[in-house]
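Going by the order they are written in, the chains are A, B, C, D and E; count residues from 1 in each one.
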Amino acid sequence: GSPSSKNDTDKGDTGKLQAQQAATDPNAKGPAAEVAGAKKGGTITIVAQTTPSTLDPTDTYYTDSNEIEKLTFRTPTQYDIRDGQPVLVPDLTDLGTVSADKLTWTFKMTGTFKYEDGTDVKVEDLAYAIKRSFAHDVYPNGPAYQLSYFKDGDKYKGPYADGDNYSGVETQGTDTLIIHLAKPFADLPFYLTFPAFTPIPKAKDTKQDYKNHPLSTGPYMFDQYVPGTSLTLKKNPNWDPNTDPARHQYADAWSFKWGGELVTLQQKVLNSAGDDANSLAYDEVDASLIPQLTGDKANQLVKGESPCLYTFNMDTRKITDINIRKAIAKAYPYDALSKANGNNDYTSEPASTILPPGVPGHTKYTPLPDLAGTGAGDPAGAKKILTDAGKLGFEISWYYDNTKPIPQQISNIRADALTKAGFKVKAIGVATADLRSKVGDYDAPVNTGQAPRGWCSDWPTGSSWLPVLFESKSIAEGQSWGMLQDPALDKKIEDVANLPTDQATGKWAALDQEIMGMYVALPWYYTKMAVVAGTNIGGAVGDATVGMPFFPDMYLKS
Amino acid sequence: MEPLIEEAALEPKGASIDAMTAPTGDLKKVETRHKSPTQIALARLRKDRLAMVCLGIFIFFILIAVFAPLLAKLEGQDTTTLHQDLIDEYGFPTISFTSEHWFGIEPRLGRDLFARFVYGARPSLIVAISVTFITAVIGVCMGLLSGFLGGWIDRVISWVIDFVLSLPYLLFAIAAPAVILSVMGDNPTEADVSQVTRSRFIALILVLSFFGWASLARLIRGEVLSLREREFIAAARVLGVPTHKVLFKELLPNLVAPIIIATSLALPTYIVAEAGLTFLGVGLVEPTPSWGLTISNATTYYRADPLYLWLPVLAISILVLALSLLGDSIRDAFDPRTRR
Amino acid sequence: MSDIDPTTTPSVPQGGNMTEQTVRAPQTVTRAPRTRAEGEEAYLEVTDLHVQFPTADGRVQAVQGLSYSLPLRRTLAIVGESGSGKSVSSMAILGLHDRKSTWISGSIKVGGKEVVGMSEKDLMSYRGADAAMIFQDPQSSLHPFFTIGDQITESYRAHHNVSKRAAKARAVDMLGRVGIPNPSRRVDQYPHEFSGGMRQRAMIAMALVNDPKLLIADEPTTALDVTVQAQILDLIADLQRDFGSAVVFITHDLGVVAEIADDILVMYGGNAVEHGPVEKILGAPLHPYSWGLLESIPAVSGTPGPLHPIPGSPPSLLAMPSGCAFHPRCEFRDRVGGDLCRTLKPELIPRTADQGRTSRCHLKEPDKVFETEVLPRLP
Amino acid sequence: MTTTTEKSGIKRVEGAPLLELNDVKMHFRAKGEGLLARGTKWVQAVDGVSLSVQPGETLGLVGESGCGKSTTARLITRLLEPTAGEIKYQGVDIAHMSERKLRPYRREIQLIFQDPYSSLNPRHTVGTIVGTALRTHGMVPKGGELKRVQELLEVVGLNPEHYNRYPHEFSGGQRQRIGIARALAARPKIIVADEPVSALDVSIQAQVMNLLENLRKELGIAFVFIAHDLGVVRHFCDRVAVMYLGRMVEEGPRDALYETPQHPYTQALLSAVPDIGVVRGVPPKHRIRLVGDVPSPVDPPSGCRFRTRCWKAEDICATADPALERKPVGDTVVACHFAEPPVESIVAEAV
Amino acid sequence: MLLYILRRVISAISVVIVTVVCSFLLFFAAPHDPAGVICGPKCTPERLKDITNSLNLDQPVVEQIGLYFKGIVVGRDYSAGGVTRHCDAPCLGYSYILGVPVTDLLARAVPVTLSIVIGGATIYLCFGVLIGTIAARVRGTTLDKAAVGTSLVIGSVPYFIVALVIALYATFLPKSQYVSFFENPFQWAAGLLAAWLCLGLTNSAQYTRYSRASMIEALGQDFTRTARSKGISERRVVYRHGLRAAMTPVITIFGVDVAYQLVNTIFTERIFQLPGLGTRIINAFNQYDLPVLMGGVIVGATVLVVMNLVVDILYTVLDPRVRLG
């Protein structure tokens, strides 16, 4: 799941989510269908409080940079948004064919493409990008599925350390890319939409400086980039719309500005005075602004789906007694926390399953007791369970961000509720930056609230959820909910994952419910996308794959 | 300065030694009272109605802080109870001022604003007053030593003063609490809420004190440099008065006025600084009720729930205004040249 | 910061051609007997001047009904104790009191123009041109940030429509006239680069640059040494002769008065107590306060005897004694019958047959009292 | 000569003058130069002053502003440590004595300041100010302080009931009396009075002069009396010393110095004093007009320091530094190559 | 004069050096885990070791400080994960989070902050001094009371509130953004206008009071009386003689004040979304980007010291009396 770089960490690693369809259109051809009413020209300004830390394609995993890079980088495959639904379409290559043993994928380039400097995109560049993505020490933030799925992925350390000889990827002729896997990976074509797989010519790889001006293949290219502050994009003259089934080039330029006060930014966008009409704020709309979203301003709200779920995780290794976990669930003050967190039906929906509504296979089964994402919590009931289990005074501990009020408040509310239920609570405040490493350290002396606190689909299938979060290996990968180490469960999950996508879909729900019944994570809420756009912004639709507005379709109305 | 008493004497020529002692019955005898310059200044201050009003406001806020529990009890609320039943689905309070919640409640959480307001005066005032006190003591001592002893001590202290004044204090203030926390042995892995609150409090006071004493020290040093040249200091030395007595018995009483003035002007600065640092996220932490925290939280609601923001802002502004005016009045009262 | 400047150090008198002389004579000055331009029309005429400052403690009555007049080419010395209203009254002549915070009544006529109530615009052309002032402390009275030349030319250009260069030439000329060596270099220096005496000279140059007919000098030498004071007094006398102006000279020092003044005005408690020609008043004053002053001064010459100071201290201007302002300190008040001194304020009345000699005292035959009782006590 | 040591730690040499200064120098580092100027400059505020005072004697010290009078006063009272030379108090050199050893001596050498406003601590009551010496030196038993201070106040002509008042409640003359009482409290043997009356108005000045005169007569205290007003000095002193630019130029019995001054500078100084006598028919005196200003003590002229303004100056004056010595004629000691009594009486005769 | 400047420069340099050492001790020697923080959530032990190595965290503090200074003077290399990152002199470290040398980041941030401070200072010095002077002239009138009263009230509202109000309500102002002065001076000014206004407003209030007091003092001086007695116009007396003298104390206050201005710009930048030093440092703090944080403090201190120096020199230019000493 793509965590977002948003700073309010108790919301965890971001995102949002709803009904996604694993739709593919292997035959989509450029140019992309015109957006109705679209006009050309102007500069679109995008503002946000959160700052993407890097725009190196290999290092990109967060939703915001992911969306931004859709404007600049073409990847082997890509999503197009059709009627608000993401559809996987060929981009630089077709959607690939898999060998019978499911361990070799072949992708063929669909035409000839140029970089912004006019040179041709070679298939070797695609291969090089894949190799580069193994330099995980240099690009630690990038997606890491290749490390476990690709052949020798656990051994190869990337071209800088281990040179070009990597057996997991090979090219054939001028247009064929072959990827060898260590184990079946049915969703590989989805995975190849990540910017990490955009072609990078080896000769032009300036390593850690590449992010300052990565070579564009998309409709826009870097004009000026100030890391952490601003980015302007200008038109890429060497982009050919006729080869691109997903992107447009309506605006003349894009200007991204990061930092600033959330509400101030959004208020300005809402006011749309002068230049602000051309801007869009992609942070989720702040609850305090919601009363204004009536009348004309209601139209400025861009709603969409988002692929994420937030939970409160409990470490089953440390809280071994399920009754304690049930007691926590019983006492859990969902409603108070939601209100404190500023949740509302624009931005969220109480969760009761693991798979969010957008993931095919999501089934809204009857929520298990105390796992519906709502309710005031029942301290008395919880205390009873705890007493019965003989664990009154059991210590629950977690980290929270003590530099921001909302996480502090949430921690306090949670602490109060659990204390009332007879637990002993130890809430440990740490600084924002510390928090990331602390909650990511599974050996840290806390038994709840470890990372990831939220999860978003990397692609719309159950296999980007259950196998990632609940298998025993998840612990080593630092992406475990509940720290389950159950070989039987592992096997069940693997079995489903190895099925072809369409067959697997139906089977995820049952597993979902089963895991839920183990009380390993208290589901809290699914996210929705709700951002504000200036009055002059057109074509802003939600990109459900990342829970952001879909930039390639945006234009200025005048 | 004119003498306050006019006592002309008349004696036969020649007996001039006693010329000034015996007053003549002729003159309107101005009543004489024994007043120190401080007393005179205070007397003038008492006559200054504006100053008294400002003092009243300051005392009023102090009383609020002191009697916060009582006031909250009077209202029947506390600072932490969530009244989420009074919050709508978007987090907005459904009530404004009621007899139960005098100032309404917080959005999102529904905590009682009046209780938080009265309790919130405490950290502001405690931080401001203790920092003012600490900086005054350090600043005065450093300034006295530096100005009076001169030589290398003066050079060292002056340099340190320059140094501290050259540091961008807020940058340090932002960076330091984390460090102070760990230095104080509050291993973050162990710290619980109350520990964090306490250490933030101490960190805040330490940081503000560290940066606050220098300007006072510079001021005092300047005063001492000019006082040092005054002949009464030489007079004391001629009489063989030891240095420490010269410093504290002769010099210090003359610095009372600048110290009081500087202090009264520093107090509002620290009130604002506490709020500002909290606003930047490096001040106090939840659930401590503090005006700074409230303001910081409320800024997003400036439009949706204006009173939430403006009540503490108004409180701070009024308090600061009162203190600044009081400072001005004190300055005027201590300055014999001002006659209003 | 110090006056390390070769030009401050005056040159050694040329001595090469005077070797036969074993001892050279000092350059001496003897004041010429004063020739008084009699009967001239008064150029400065102060009539019933009152100056009051309303303060929180009450109304400070700094000047209370002062009247005197002064023709051109004459020097009037105003003497009196500190706080007796000398400065306040003379600043009123230049209209220098703040209109808002000062209450002035009476009349001050300078060359026929009424100064009290004069419009700001008229004051502008009057100040500096008709009347100019030299202040006591040249250190604080010169602007520290402007060069001496700047300050003099500014004064000149305020009243003359001339080019900067011409004004500067005039400034150099004036500096030369007041005896500043190397004026063309000095003109570009700042006040702190001048010594005290030179600053005072520069002040005088500034005051005289517009040839004013009335020059007011408010204790111009109090801050200076005797030797430098002597130089400045000579200078003022010389310049007065050259310019033909009327001079009001304020001082504490009766010796200075004796040297420079034609007339004396003795002030006490905001009022004139005695006025007349200098020889008369210093020789045989008629007011007990003047006697007291004379008795207080230790002489440089003669055998030192005991001093007879005036007892007590000056009255508060906020609460003046009733009757004669001086009576609480007056040794002779009992000589006046009927408690008069305590109850009735005496008028400034002409005394004897002497021309224009007035005093303010109830005492009968004060000249006799002076001769028999006071004179023997004088040092 | 025998040296005795008292209980308090004070040593005395029998037969030595009460106070003796031998070739005392005080050079201050001048501000505002350094690397860029040629070497460090020194203000030669006092440059070789010698004088002596016998018990009960009054020595006047006159000279232009800035000639080093106050510096001399501060040296005598050891507020400053001299750059060179000896300061002997009753035969014991106190020039470089440590502050601790000096303390008992401090009691006996007192200073009265010029400025009655700045020399009294505005935050102390009169009682505290006058009692400082008593407390510091433990001169009175506990509880005796009040009585002693009130006595002192009476001595200087102040109302003893003013014990609890603050200095600002007094007029200039009264304040100066407080300063005098403070000095007297220490029971000094010698008082250095640094222009004690020049800040006062003539009438007040006379009051204070009379007070000092009486004290001197009654208590037998020796005085070093500094003033620039020659009249005042003449009135008060037995002997008078004239200073010019850090040097002593002439010294002698009062009458001799005033009537037959030998040094050109003394002559000029005396002639420059404006005299009220003129109006009483005394013939106007000839005033010697000195050219130019006093040179800077940072860069004093070579040889005789007065030569730049002296009408008698010859080549020798620029090279040889005249010694302070007794000349064949006249009763004063004088430092001039061409010293002689004035040709015509510069000082007007008394009436 | 030259000596004086030399002395000030030496003292300024010493201040900066000590700041560097102090910041270093504060951030690196404090019991923290900067490497772990930089390494992030998916930290591998090798990477951690790399970072520890390249930050020289495994060496004694003195050595680390030495290396840091060496970096400032000659630059240094950081290697991790098979990649060597070069950091040119003056090197203040390398930001792992943003992947650039700290100097690069700060070099972009400092002009922004300076633009804000200098522009704002120009505004409030001009306005504050002007209004203060006028108020001093009409002392005691309603106009004076209004000026003083307004300044007091504005002065007592916390700065960040003023900034917030301007940012939220003064929507008629040009959009706040930073464009380099050399690129487009007009846009530069337009983009910073809101921030300047904010700084200008609050500080004009303060400076009105300072200059009023200072002006009243100057107008009460003897030399003002002298000027009046020359017969020059009142305006000339006030604006030439008075103002010239009144400016010096105001400049002195300004010198001390620059520190507070720099502090205020943190709020300004944050609220007006300007990518200056303050924003940079707050972000760095939130991400525990210690090299940036430290570099920011050092550069901030340097900027301050230099500004103080400039003010001091300005002072000597203004006051001829100081020139010799």
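The rule we apply is simple: a contact is a pair of C-beta atoms (placed from the backbone, for glycine too) under 8 Å apart; a residue touches a chain by one contact, two chains touch by 3 or more.
Keep in mind it's a predicted model, so treat the numbers as computed, not measured.
**Student:** What are the mutual neighbours of subunit A and subunit B in this structure?
**Tutor:** Neighbours common to subunit A and subunit B are E.
**Student:** Whose C-alpha centre lies nearest the centre of all protein C-alpha atoms?
**Tutor:** Going by the distance between chain centres and the overall C-alpha centre, it is E.
**Student:** By raw count of C-beta pairs in contact, what's the busiest chain pair here?
**Tutor:** C-D
**Student:** Distance between subunit A and subunit E based on Cα centroids, please, to the nearest Å.
**Tutor:** 39
**Student:** Could you work out how far the Cα centre of subunit B sits from that of subunit D, in whole Å?
**Tutor:** That gives a centre separation of 48 Å.
**Student:** Report, in whole Å, the distance between the mean C-alpha point of subunit B and the mean C-alpha point of subunit E.
**Tutor:** Centres of subunit B and subunit E (C-alpha means) sit 25 Å apart.
**Student:** Calculate how many whole Å lie between the centre of subunit A and the centre of subunit C, each centre taken as the average of the chain's C-alpha atoms.
**Tutor:** 92
**Student:** For subunit B, jot down the residues that touch at least 2 other chains.
**Tutor:** Residues 3, 16, 19-20, 178, 282, 299, 302-303 of subunit B touch two or more partner chains.
**Student:** Got the subunit A residues that touch at least 2 other chains?
**Tutor:** 261, 267, 403, 431, 434
**Student:** If you look at subunit D, which of its residues touch at least two other chains?
**Tutor:** 31-32, 171, 173-174, 206-207, 210
**Student:** Subunit B touches which residues of subunit A in the complex?
**Tutor:** The contact residues of subunit A facing subunit B are 261-263, 267, 286-292, 335-336, 339-342, 344-345, 402-405, 408-409, 411-413, 415-416, 426-431, 434, 438, 444-445.
**Student:** In their shared complex, at which residues does subunit B touch subunit A?
**Tutor:** Touching subunit A: residues 80, 82, 84, 87, 89-92, 107-110, 178, 188-193, 196, 281-282, 285-287, 293, 296-297, 299-305 of subunit B.
**Student:** Help me check something: in the complex, which residues belonging to subunit D touch subunit C?
**Tutor:** Contact set of subunit D toward subunit C: 30-32, 41, 43, 64-65, 171, 173-174, 201-207, 209-210, 213, 228-232, 234-236, 258, 264, 267-281, 284-296, 298-299, 301, 307-315, 318, 338, 340, 343, 347-351.
**Student:** Show me the residue ranges of subunit B that touch subunit D in the complex, using the header's touch definition.
**Tutor:** For this pair, the touching residues of subunit B are 1, 3-5, 16-21, 32, 34-37, 230-232, 234-243, 245, 250, 253-254, 256.
**Student:** Quick one: in the complex, what on subunit D touches subunit B?
**Tutor:** Listed in rising order, the residues of subunit D that touch subunit B are 74, 77, 79, 99, 102-104, 106-107, 109-111, 113-115, 117-125, 132-133, 136-137, 156-159, 164-166, 168-171, 173-174, 177, 179, 182, 186, 206-207, 210-211, 214.
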